[in-house]
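Have a look at this one.
The letters A, B, C and D name the chains in turn, as written, and every chain counts its residues from 1.
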Amino acid sequence: MSDLVRFGVSLEQPLLERFDDLIRERQYTNRSEALRDLIRRELVQREWREGRDVAGAITLIYDHHKKDVLAKVVDTQHDFQQVIISTQHIHLDHHNCLEIIAARGKAEEVHKLADALKSIKGVRHGTLSMSSTGKEIE
Amino acid sequence: MSDLVRFGVSLEQPLLERFDDLIRERQYTNRSEALRDLIRRELVQREWREGRDVAGAITLIYDHHKKDVLAKVVDTQHDFQQVIISTQHIHLDHHNCLEIIAARGKAEEVHKLADALKSIKGVRHGTLSMSSTGKEIE
Amino acid sequence: MSDLVRFGVSLEQPLLERFDDLIRERQYTNRSEALRDLIRRELVQREWREGRDVAGAITLIYDHHKKDVLAKVVDTQHDFQQVIISTQHIHLDHHNCLEIIAARGKAEEVHKLADALKSIKGVRHGTLSMSSTGKEIE
Amino acid sequence: MSDLVRFGVSLEQPLLERFDDLIRERQYTNRSEALRDLIRRELVQREWREGRDVAGAITLIYDHHKKDVLAKVVDTQHDFQQVIISTQHIHLDHHNCLEIIAARGKAEEVHKLADALKSIKGVRHGTLSMSSTGKEIE
């Protein structure tokens, strides 16, 4: 576990009061924890921008009754198996599936996988959550 | 399966050429498929903005060695079990876990769950992917 | 001018080092200044989400040769004159104009103005910068 | 003015109905105009991602009473005068100024200018609107 370093921060009184409101609203235990989160979010955005090793989640909504959509979703995942860790599949209703793919690798590869999956005919919606391997935000 | 409706669209020649480039780049099978995707993305954003029934994925990165973090992540999920469908847990390395929670419910509840999880001390990063139940983007 | 309040923050050593990199990269004078910026950004997002009094800038790109576009851009601005402060107009080339509208008012009204301008036939691109009246981020 | 090309698009009936709702809500004159907007937005994002020649607007909120802030905002603008077209300055209240800078140049330079301005002590908030020179979205 990493050593903690303590340092002083100066904030204008009204700004601090509004920040404390926000901390309560979002249920952070203290100011340090809230500030850590803001900092880590910036760092994770930089990891993706600079094309580092990242982790993320891709969500897909598709109708499994649509011709070939299942086969194509699986085929595409096999083409990118080096960046896919695992997959979670949820039957939202009789038609709609939510599939969530945990991915890890170079930012560019993960983007390519997300684009390839989203472009499949029958995939109605796709998102890419840009998360982190955790190594650079310890 | 829904009936298809066909209608005409007019685009300026150079705009259409650049759009066709984009379609090739993102590997869409045809213009209709690419346009459908752009439209559905707008509709899904509206579902979330208007507080409808939505589906989504929450990613968390945390160090499972950190005191109490695991217990708190599980406790919080139990508090919100009505909006959680299932959970995928990945061991990224000796310290870092990636946990992906599939959620479904009112947009506001899913936001609250994401905020509650992200604010846990020891959770280093969190994202919320705003997806859809699929019903309004058929 | 507001009183400054000083308080202590604890960060993990490697996280602090990466944050210091980011501070240098973005040219902040010190950690407090960088943290203030992260906090204010959150507060401004909340102002817009909660529909408060906000300020912002709307950019438009349009071809002033296109039929009626100029008249419609001006008419729409008159319909919303209570939220428009001033306008800056730039001739980017023989065809393209960049118009930047400084707006202030209820978040909802400013969104409506931006939507109305973006939907004008001949307006090729529009953005809305969500800024602040400055009152809640002192 | 560019030639218009007409082509057919197929959409599922319920998707088209919801798209038509959206078109009415956002006040577009017809489907082509709404689709053009969605396409151009994608193209503008790509211009920025690929580091092309872009145009944009930077907003700043600052308290002009704060020591040196005015001088630094002006100095920084002079350092980047090759990418600045013009500036609009609004007195929001006794303390707060809204300054909107119209910029044009390589995406990277415009980003650097925005970062340099946002990092000035006394600048409370800054945004960068990513717009276009209009050339690639005709």
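Here are a few things to note about the model shown:
Rule of thumb we're sticking to: contacts are C-beta pairs under 8 Å (C-beta built on N, C-alpha and C of every residue); 3 or more make two chains touch, one makes a residue touch a chain.
Computed from a prediction, not measured in an experiment: that's the story for all the values here.
Listed by label, the chains that touch chain B and also chain D number zero.
The distance from the centre of chain A to the centre of chain D, with each centre set as the mean of the Cα atoms, comes to 26 Å. The centroid of the Cα atoms in chain A and the matching centroid in chain B are 9 Å apart. With touch defined as above, residues shared between interfaces to two or more other chains in chain D number as follows: 36, 40, 137-138.
Shown are all chain pairs that touch, namely A-B, A-C, B-D, C-D.
Contacts from chain A toward chain B in the complex involve residues 1, 26-29, 33-34, 36-37, 40-41, 44, 55-57, 59, 61-63, 65-66, 85-86, 88, 90, 92-93, 95-98, 100, 102, 104, 115-116, 118-119, 121, 124-125, 127-135, 137-138. Taken in their complex, chain C has these residues touching chain A: 2-16, 18-19, 22, 31-32, 35-36, 38-40, 42-43, 46, 136-138.
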